[in-house]
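Let me begin by presenting the structure, written as structure tokens, before commenting on it.
Think of it as A, B, C and D in the order they're written, each chain with its own count starting at 1.
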Amino acid sequence: MLGLNKHDMKMLLIVAALAMLAPFLLNPFPTDSAMAQFNAGYPDLMQRFVIFGIFAIGFNILFGLTGYLSFGHAAFLGVGSYSTVWMFKLLDYNIVPGIILSVIVAGLFAVVIGYVSLRRSGIYFSILTLAFAQMSFNLAYSVLTPITNGETGLQVYTSDPQYLIDDWETVPHLFGLVEMRSTYTMELGAWSFDFNAGYYLCAVLMVLMFYLSIRIFRSPFGMMLRAVKSNQTRMNYTGLNAKPYTLAAFVISGMYAGLAGGLLASMDPLAGAERMQWTASGEVVLMTILGGAGTLIGPVVGAGFIKYFENIFSKINENVLHEWFGFLPDGLENAVVWVVEHFVGSGWHLTLGVLFMMVVIFLPGGLVEGGQRIMRMLRGKKSDNDAEKTTQSTPAE
Amino acid sequence: MDAVILQILNGLDKGSAYALIALGLTLIFGTLGVVNFAHGALFMIGAFCAVSLSKILNLSFETIDETQTDFLGNPLKVKTAYIESWFGPELGASIIDWAVPLAILFSIPIMIGIGFIMERGLIKHFYKRPHADQILVTFGLAIVMQEIIKHYYGANPIPTPAPDVFKGSFDFGTLLGFDPNVIIYPYWRLVYFAFAAVIIGTVFAFLQFTTFGMVVRAGMADRETVGLLGINIDKRFTIMFGIAAAVAGLAGVMYAPINSPNYHMGMDFLVLSFVVVVVGGMGSLPGAVAAGFLLGILESFASMNEIKSLLPGIDQIIIYVVAIIILLTRPRGLMGRKGVMED
Amino acid sequence: MSKSNFTRRGLLKTSAIAGAGVAMPTIFTASSAAAYTNEPTGSGVTLGFNVPQTGPYAEEGMDELRAQELAVQHLNGEGDGGMMNTFSSKALKGNGILGNKVKFVTGDTQTKSDAARASAKSMIEKDGAIMINGGSSSGVAVAVQGLCQEAGVIFMAGLTHSNDTTGKDKKANGFRHFFNAYMSGAALAPVLANAYGKDRRAYHLTADYTWGWTQQASMQAATEAMGWETVNNVLTPLASTDFSSYIAPVLNSGADVLVLNHYGGNMVNSLTNAVQFGLQDKMVNGKQFEIVVPLYSELMAAGAGENVQGVIGSMNWNWQLQDEGTKAFVKSFGEKYGRPPSNSAHTCYVQTLLYADACERAGTFNPCGVAEALEGFEFDGLGNGPTLYRADDHQCFKDVLVMKGKENPTNQYDTLEIVEVTPRAQVEYAPDHPMFAGGELGKCNPGA
Amino acid sequence: MGILEVKNVNKRFGGLQALGDVNLSVEENSVHAIIGPNGAGKSTLLNVLIGKLIPDTGSVMFDGQSVLGRKPFEICQMGISRVFQTPEIFGDLTVLENMMIPIFAKRDGAFRMHAVESTANEKEIIEQAEHMLESLNMADQRHDHSASMSRGNKRRLEIGMCLSQNPRLLLLDEPTAGMARADTNNTIDLLKQIKDERDITIAIIEHDMHVVFSLAERITVLAQGSPLVEDTPDKIRGHPKVREAYLGESA
């Protein structure tokens, strides 16, 4: 169905179901319970999950398939966001022109940067992409302030031209049908679940992009990209020109990043220059590797993990901890709080660092492959062989 | 003219910091084939060795001075360093004053130890793993190291001054026949430059003139063959990692008086040091040093007003522009070898 | 019943998915049973404290958090009450706000506008925060202020010194207690002219982003009005760690004063570098060379160590002030945390009290009511003497401190001393001053 | 006129004359071996033939067209396939996928974006690939990871991949280097079979005399960068100059 084999179809359906049911799945704890701190089902974070999912899926088309490690993909995310906000400033708050423009502009940037950077391979390529992205960031933060609004980030002012604006428009919307920020809250007993229009738009796009990436992975083009990664010498002596293949992959992943950037700006009409900093480029690299580079679902998982830690763990403070461990005797409570404190709140970086090390040490190949290994171990030897067969015939699972 | 000479001095000074950090990084690349994102953190830990030593020397006991009050109006607790009470106020004070140079001795065993532990405990298991895994694990380690330092020392920079004798600046201009005050340069930065030159020279001499160095150089060129010769290259690589860590650490110790150390200073240098190493060419020690000085000098020139007024913002991007130009004209950087980290 | 938020064009008139549990839309919606965003439901009221907890400003963020926590205690009637006892308005009773116990949530801005907005949104969307307080940079303040305006909550801005926050980026839902670049210039110029003479030539090093530019423009205007000449203004990249190549040419430029329009790590490094070059030991144009740091903070001064000695700068507030309010605050902060509060801590503490007080006086948490109560509000007893929250741009006006690095500090907190308390009248400006032009306050947004 | 004509090729590296006045003509549908002691310039000549090195003077013509200055993929598209000293295959891919790629390249040229079609639907390509694998006796291994195969099988696969494109000239660079005897013999048999079944020209650079004399129809002996003699295997075997230059060295 849809040009997918059974296995891929199953995976697509699972992803789609997870995306659609996310408001329930991410809010498993009653609103007033102590565990509610771990709920992630509020619009902003759900949007970030899927948007960074798109970013990572796209990055994986380049890195996972061709092995070219770009350290400058955040530049495309940034120009995507700037394009969308500029459309808000020039036309109106309809998100569609902005998103289309952001994909196009990111694609053009990717053609230029990719054409130059792909003249080199390995770490030389990584550093070239890093250099381009850092130049973009540094200039956006300072000299290009008239275009990017520098430090503050590009935002919409009432004094902007907005040639197509109607007087009811105050926030991003889709053809006037629905505002991105509109949210329904469903109260079910002690639980509450948020259904946000913007989230669903992003989620649908994410599923579409995920579908597209499966198709690319399973296409002759995808096979050629894996051939690039595997052996460029043989590729060339087989009469294939590796460069346009890698450039195409680079541009596609740049456009994914542009789409993600456009969506970020559509959900929240502000584009900060930090989106282009090397740390942002590094983040998507980490997401992809953490989840499992070259696997279809890994990057999405990795993106979810990192964003979860950033947004949930950073908000747990000492007071919350005392609430949680209040049942313990005083001395013990303080001891436990003292220990845990280092890993939450301002210590969330530490948790992330430890997580990176744990995953790469104990689950080589990332969360997804590690998970598969564990499953295989549990299932025993026979299915072990089966599993190996399937991964071998479709190593880019 | 004077401005150009000044910027050359600045460039040499910046360059020596870049070169020192890049030297260790490229040693690890070249010998072990590992992408070490924790190298910046080693530099930072070096700087905090200086901070720690100065804190240790400043360990004090408190006496209450009834004549003064603290900010809450309570009697002031006056601190006296143990060192001062043991060695007398004058000698004690000068020991404290010389904390940073003393920290060189203090840091070498610590950094080599950290290097050994890192290599044996972690990096060793990643030689055969993809570069992506190396990046993830070393980046994770860098974060952990940072957070540990942040926990003990806070996020604020900690002033770590150079000894009093090195304060102020030296008037170069008068030597060259300029008017006084035209070309002045801080003593400590001159010390840093000289120190970097010594360290770089030592590392090169060590690799050039010792059997150990010969084996390591052979290992950098062709690891498998050296392994086949029955030489225990692993042990040597551990030592190399220790040396690389020590070089980064020493660069950090001496850098502490130039800019107050803070816990994320390593990350500030990380990207830059990668650029330096790659521009120099993967696996080339002279390349890394040359690129360090080249980028340092160009960066200094780009910050001159004359140049900034022609090309606004050029100092923001000069490093990257140079990196792009060099990598496009010389495929493997200044002196890179074929086949190192090209896939 | 569910109510749609489809806009007026509303092609799909709502046919709500009515279900037993389907309730009302929450925040960001056009209408609902609630009169405004995150209306407290009786179990208490939640304030959001959004400060940098990671990155270079983490220490500042920590201090802000401490102060905010203290403020919450005082509002809830715990502790000694701090500045509530000296505050000229007596609306607060120590029983929370409008009888609601005060709770708070915290978040990490990372000093990035994106992350700060994400964090603020999570407080508003998930935790039901009714007001956002704190922050440590102007970029973040403007970004979060814009968000709060859209979401319909009150924003109190923390440490933000750029003119834009209450200038071209001002918003009806946002208030700033902190002073700004213009005020720094206005307060510093006379003191500088006094201390160093009116015939001075200044060389500016300026951080190359919005705050740096407004700071530099303010300083240049104010000092030139005093008769100083500006020799040069050099923009330095944000990412710089070593400023030697910017400082080296200063001596030969004919300037005799160096103005460092830097903040945070930039300022610590540029000042340290400038002192390394021995600039202050030199005589230029027959005068002692001087360094000026327009915006000081205790933490930066601590980071720069002995390099701040003798360097003049300005501050919003300092713990060494001798008014009753300051004394009360320093006492309760010092007793709780064993250290004196920083000026950003003071700002965040005071803003929390002021917000609570405004709610009490307005009798509601409705942002529009609160904003109205804060607009044009005059009070005293929170440090800095008589203070005004101006209605036109939501900027706070009060005395500004001119500080100087102390020559012989007695302890680690004793790095700066107060040179002069510049009276409020001297730092006031018209709301339509060119440096603050553009942008409009807009209308307050209750969000519902 | 041979299918491959090398005329007056000279190549110097610094002071070293790597190739001096090389003239060589490979007849269509023949097996032509180039032998010579170490350092005779065999590899340099090969690199000139496949366009990797540009000679200082002279020309290399394939079927009337110059190969000099062309990119490897263009040379391949002209009909020259190359087998490497160490087998160059797509180690991360399965055997079947390895075989499909050259067939795609033959059909679609140097670059074509099939980004949304499914590989599984390319029935024709899969069929051809499986057919080729069958003729190599590798059909059972088609889902194996190619990197995990024995060296002999890798070589087999590589030769198969080259043949699947129906090249007119197959260049082999020491195809049995580093192989066990059994693998060497298998490879010789495979090449013989190819020679018998197809209209193909084979140029082989080899060290191993056993391989050379089993296969070659003509042999060129290189010494110090220049062709010493060119003749049939029988004549070469007894040629005094060859013994001197070649066997003498090994004695």
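Going forward, contacts are C-beta pairs under 8 Å (C-beta built on N, C-alpha and C of every residue); 3 or more make two chains touch, one makes a residue touch a chain.
According to UniProt, the chain labels map to these proteins: A = Leucine/isoleucine/valine transporter permease subunit; C = Receptor family ligand binding region; D = Lipopolysaccharide export system ATP-binding protein LptB.
Note that this is a predicted model, so its numbers are computed, not measured.
Each step here moves to a touching chain, and the least such steps from chain A to chain D number 1.
Identification of common neighbours of chain A and chain B yields C. When every chain is represented by the mean of its C-alpha atoms, the one lying closest to the mean of all protein C-alpha atoms is A. Set side by side, the interfaces A-C and B-C show unequal numbers of C-beta pairs in contact, with more at A-C. Chain A and chain C have Cα centroids separated by 33 Å.
Taking each chain's centre as the average of its CA atoms, chain C and chain D sit 73 Å apart. With centres defined as mean CA coordinates, chain D is found 51 Å away from chain B. The mean-CA centres of chain B and chain C are about 35 angstrom from one another, to the nearest whole unit. Taken residue by residue, chain C touches two or more other chains at 58, 62, 208, 235, 237, 239, whereas all remaining positions touch fewer.
Touching of two or more other chains is recorded for residues 312-313, 316 of chain B. The complete set of chain-chain contacts reads A-B, A-C, A-D, B-C.
On the chain A side of its complex with chain B, the touching residues are 63, 67, 69, 116, 119-124, 127-128, 130-132, 134-135, 138-139, 142-143, 232, 278, 282, 285-286, 289-290, 293, 342, 347, 349-350, 352-357, 359-361, 364. Residues 2-3, 6-7, 9-11, 13-14, 17, 68, 70-72, 76, 150, 154-159, 161, 167-169, 181-182, 184-186, 188-189, 258-260, 262, 264-265, 268-269, 299-300, 303-305, 308, 312-313, 315-316 of chain B are the ones touching chain C in the complex. Considering their complex, residues 3-5, 212, 215-216, 218-224, 226-227, 229-231, 233-242, 244-245, 248, 252, 389, 392-393, 395 of chain A touch chain D. Listed in rising order, the residues of chain B touching chain A in the complex are 35, 122, 125, 129, 131-133, 135-137, 139-144, 146-147, 151, 271, 274-275, 278-279, 282, 312-313, 316-317, 319-321, 323-324, 327-328, 331-333, 341-343. Partner chain B is touched in their complex by these residues of chain C: 55-59, 62, 208, 232, 234-237, 239, 241-242, 244-246, 248-249, 251-252, 265, 268-269, 272-273, 276-278, 281-282, 284, 299, 302-307, 319-320, 330-331, 334-335, 340, 410-411, 413-414.
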